[in-house]
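Both complexes below contain chain A, partnered by chain B and then by chain C.
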Partner chain A sequence: MATSAPAGLAPEAGPPPSRLARFLDSDLLASFRRSRLAMAAFAATVLFFALALLAPWISPQNPYDPAQLELMNANLPPIWAGDGQAPFWIGTDDQGRDVLSAVFYGMRLSLIVGVLGVAVSGLIGIGLGLVAGYAGGWVDTAIMRVADVQLTFPAILIALIVDGVAKAALGGHMDANAQIALIVLAIGLSFWVQYARTVRGSVMVEKNKDYVQAGRLIGLSAPVILTRHILPNVTGPVFVIATINLALAIITEATLSFLGTGLPETMPSLGTLIRTGNRFLFSGEWWIVAFPGLALAGLVLAINLLGDWLRDALNPKLQ
Partner chain B sequence: MLAFILRRVLQSVGVLLAVGLIAFAMFRFAGDPVNQLVAPDTPYAERLQIRQSLGLDDPVLVQFARYAGNALRGRFGNSYQFRQPVSTLLAERMPATLELALCATVFALVVGILMGVYSALHRDGALAKLLQAVSLVGVSLPTFLIGILLIFLFSVTLGWLPSYGRGDTVRLGWWTTGFLTASGLRALVLPSITLGLFQMTLIMRLVRAEMLEVLRTDYIRFARARGLTTRSIHFGHALKNTLVPVITVAGLQLGSIIAFSIITETVFQWPGMGLLFVQAVQNVDVPIMAAYLLLVALIFVSINLVVDLLYTVVDPRLRLSVRRAA
Partner chain C sequence: MTAPDQADYVEVRNLRRLFDVSRPWLNRVIERQPRQFLRAVDDVSFTMPRGETLAIVGESGSGKSTVARMVVGLLAPSAGEVTIAGVSMTDPRRAAERRALRRRIQMIFQDPYASMNPRWRVDRIVAEPIRAFGLIEGERAVQARIGELLTLVGLHPDDGRRYPHAFSGGQRQRIAIARALASEADFLVADEPTSALDVSVQAQILNLMRDLQDRLGLTYLFISHNLAVVRHMASRIGVMYLGRLVEVGPGRALFTAPKHPYTRMLLDAVPDLAHVGRQRVPVQGEIPNPINPPSGCTFHPRCPFANVRCRAEVPAFRDGVACHAVQEGRLAPGTADAVA
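Let's turn to the complex of A and B:
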């Protein structure tokens, strides 16, 4: 695994193609081909991502263009329930908005926030983990003490507090993009600890190996050694955490939106859709909340199953 | 031993101070408090006087010390939305949250242990496999979705149980309880299940794994050889030895239950501290947010401290290593 040659000389040429070839030949792929559950979860995840990415092109209408909404079409039930009408396969909400389109667009937002949140928490966590593991001493102690303290509180609470503090700081007046950025930041700050601890542990093992000593000997700076030489060797577990955390990030965003501190109703994610749809549960319009709920449950379950499989496949000791 | 306790207590105080600093910083982020107190056309000199009388001109450290001192005496200022002392609001809402948390914990323990024992004893039975699958799905689903599902099933469709509020409560001194009326008890059912479901699956998996482990040991085999009844082997000998980790986990999860009651209380419009906090976040009501933050931090830190100290009391091996380390 270790990059043996001093890679500072020809960095761009070597690794990428061989890494792909290695991946195609790996135990990971073999294990994937054996597990039906993993393949089903992967297929479902890809399907959800495709639906979300293609939402603007495959949705029957743009649910946030007021010109396309007809109040005449309000509260239509799903197509199989008698009164349903053709383009609205799973019904409409109180403003005549197509629920299917709203779900596709909402899924898009949920996935964008989830992926960005995982990216931010990964960046923070990997960065701090690398520094803590490599530097050691008081830097390590300081970072890990903060991590320990944060780990005693549930992530959702931290995300709520980050959200609340930021709102207090900005006075509560924000446009939709600022709110997306805020939620991404809240998720990033809630989930970095796991990455930091894992990466730190791996770095402490790696930094005593020969290739790192060799790198130091030829005068490479600490940032170069960390990012080009140690980082590639500690990423395995990070992918597992990232997959599982994607599900957690999506749940966190949905929960914040459901609590009314997440994405606004003008730009609804699945959580916001469930929040607004919840009002209609008692008047019998169950489809307004049921389908966003199903989409969220399916999305999270698929990603979770994929993450579980990935963890077991990469870590045979756990089985 | 004393050094260890002292160090852990000092650490806990450090955490609380850090959380207090964050809570205090929230007020400073939220803008000039004088603006919220006076009319927009108040002259500068008058504003300056108010600033001085509120102590806002003092050094930051002095202000923080004053805030911490007030917080220690339970004074968190007035809520912006309710115009009432935060401590009064929290005290009013606390019984609702604690009763809900208690019911959720009892539900999680009782049902979780029963299901765990069953699925360990009938490992290959259809029902046990079903329980495992359901627990996997249950862990994946967000809490609020489970709550909505329960409301849809038992309130909207079947009409058996209320979907929001606490029902009728009885006042005992400053404590209001829902345990003494039929409607109060009925109102507790759905929120408790929603809140306790995650912990229930956790306990079920733990008990199952521990039971499978214990059932393989020699003393169970000897108990069987001695001709004891299966009932007394399973419950008197096997289950008893699985309970130590279960109680630890349940204790540590108590903090999570109180934190997650934020979500459950919102779904069921349960008038507890969590709902108060969510409304405070929505309305940028800083005094409530700060006080809730401190309260939750206090609960978490105390639980962790007590569990850590109990460990050393319960497990002699730990005590030894602590003594060696200290």
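Let's turn to the complex of A and C:
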């Protein structure tokens, strides 16, 4: 029996394309370039992130530092409204705090809490989803029933419960970092279910594919198969959820802070700013609440539009 | 019980596998339904000497893939035993020996598009068994071995730097073979390795497998529903029907003088250029539901030679066939025409 071994693929000239080259050639980028909305949302998101990250360097004053506040400058309106003064472009609050600086710093806190909250919920959800999908049986049933029960409560209620229980247990003596950590945990525990369900579904599809069986055949352990083979093949939908959940996490944090159980007034996030500013709305000082509100709405809208585009772009049925 | 022996390198004894196909617990309680089991494989026994190709053929649902998965250890048998090179694959006391044997048993899967991690480059896919078993020290030596393996299966060493999606089905199946050989396996279980490929490519892969068998002394358990492929590959053929092995015999004997009525029926259904235009006996009936198989010989509803005993009593497997009609002398081994 003569073996008709045909030559392999003719070796192409040069090395295989780099990661950057493959990214530049991808469908995702092509879809991005076609969508003006996606580009605008991306630009706005980048702008908000840049303003938030650069807050200490671009703000006219440090709103957390009482030494920089002058009561003389209290309740100044925005610069275009007659009484406005030079460094306070969009006015000051009742303690002479520059609203623009407070918005920058508040956005920074909101984004930190949002990103960390998404990371925590993602870690919990992906981990439990991988285990539930791969193990199956009663492990799967136990994890998913907990998830089902949690889904019957609104996320904000879960966050309030976690926050309230922890504060009661710790007796209310917490520094600012502990409060941030607590609210991150509350958000993380509120939003893990969606990740777990999505990842579990993908894992149940992937684990029966032959490349996973081939891995079992050479004696790889379940954790190795999960992290090396299955996880990289189920991350697509997770990124979409993470993007959309970032906006949700920011809103949840703002809601908690608005209700007074979130971040303290000494370290105001956008939600805290809206809550404190709300008091001055009827005395005519609208700018104290309006600008943090606009910043929050803009930030969430930009991230949501980006998430919607990503969801459609990664959905093979829509292409 | 036996030392590793040329005669039975692979020994499968009374292998059985049930699948629980019951409705969920709550439905069973409310609808008063019993648990239901699907008997995918029932009392299958065979042995394979080293260097042999045993092909298992059968219709869809006959349990041939389940046998393959149990032999390599991807699926635990409900009963029975698989012994390879004298080491039981089911006995918990021999776990250490089994780990050492693990690398010598590999599988080639049906769908070459699903059998590789799409995010890995080919060299990493082929090298995974080498790294998992720690067979070769040093990255340069591993890369050299990958190039060697790719050349062995008719690819170019530089192909290792591409991703699986850059290859055709036939080329991917070559990569799958290279990966199976990477752990220095000598027993390969191939589950319909060519049925997802174009007909023009099938022969190339089959020839490659035969060539590798001659050069490396491989033993193949070859699962297929394609009798033409089986005839090309196998030294012995086993025919499965509804989870049972109904006939085992040397390839030529089975094709020229089939014993079991089911084998005759299968052979009669093979399209043949010599018989173009001739009226052929079509395969009668369909494979019954394995959840509720027929009594006695499971083939009796489709068998033209069935009598009362066939409907009541399961035929024992003797002299390479499990059939009352043959064992009672009612039916002489012969050509497929004997059926008519």
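Criterion: the second predicted complex is superposed on the first by the 294 of 319 C-alpha atoms of A that agree within 3 Å, B and C clash if a C-alpha of one lies under 4 Å from a C-alpha of the other, contacts with A are read in each partner's own complex, and residues count from 1 in each chain.
One rule holds for everything that comes next: contacts are C-beta pairs under 8 Å (C-beta built on N, C-alpha and C of every residue); 3 or more make two chains touch, one makes a residue touch a chain.
These figures come from a predicted structure and were not determined experimentally.
Touch check for A:L100: first (chain B), second (chain C), both, or neither?
neither
Can you tell me whether chain B or chain C touches more residues on chain A?
B
Looking at A:A186 after the superposition, I want to know if it touches chain B, chain C, both of them or none. Which is it: first, second, both, neither?
A:A186 sits against neither chain B nor chain C.
Quick one: is A:L217 in contact with chain B, with chain C, with both, or with neither? Answer first, second, both or neither.
A:L217 contacts chain C only, not chain B.
Going by the contact rule set out at the top, does A:T255 touch chain B (first), chain C (second), both, or neither?
A:T255 contacts chain B only, not chain C.
Given the touch rule stated above, what does A:G164 touch, chain B (first), chain C (second), both, or neither?
A:G164 contacts chain B only, not chain C.
Identify the residues of chain A that lie in both the chain B contact region and the chain C contact region.
none
Would you tell me which residues of chain B are touching chain A in their complex?
15, 18, 22, 25-26, 29-31, 137, 139-145, 148-149, 151-152, 156, 163, 255-256, 259-260, 262-263, 266, 277-278, 280-284, 286, 289, 293, 296-297, 300-301, 304
Show which residues of chain A lie in contact with chain B when the two form their complex.
So the residues of chain A in touch with chain B come to 149, 152-154, 156-157, 160-161, 163-165, 167-169, 171-172, 247, 251, 254-255, 258-261, 274, 278, 281-282, 286, 289-290, 293, 296-297, 300-301, 304.
What residues on chain A touch chain C, complex-wise?
1-11, 15-16, 209-211, 213-220, 229, 232-233
Residues of chain C touching chain A in their complex?
72-74, 99, 102-103, 105-107, 109-111, 114-119, 128-129, 132-133, 150, 153-156, 158-159, 161-162, 166-167, 171, 179, 183, 203-204, 207-208, 210-211, 214
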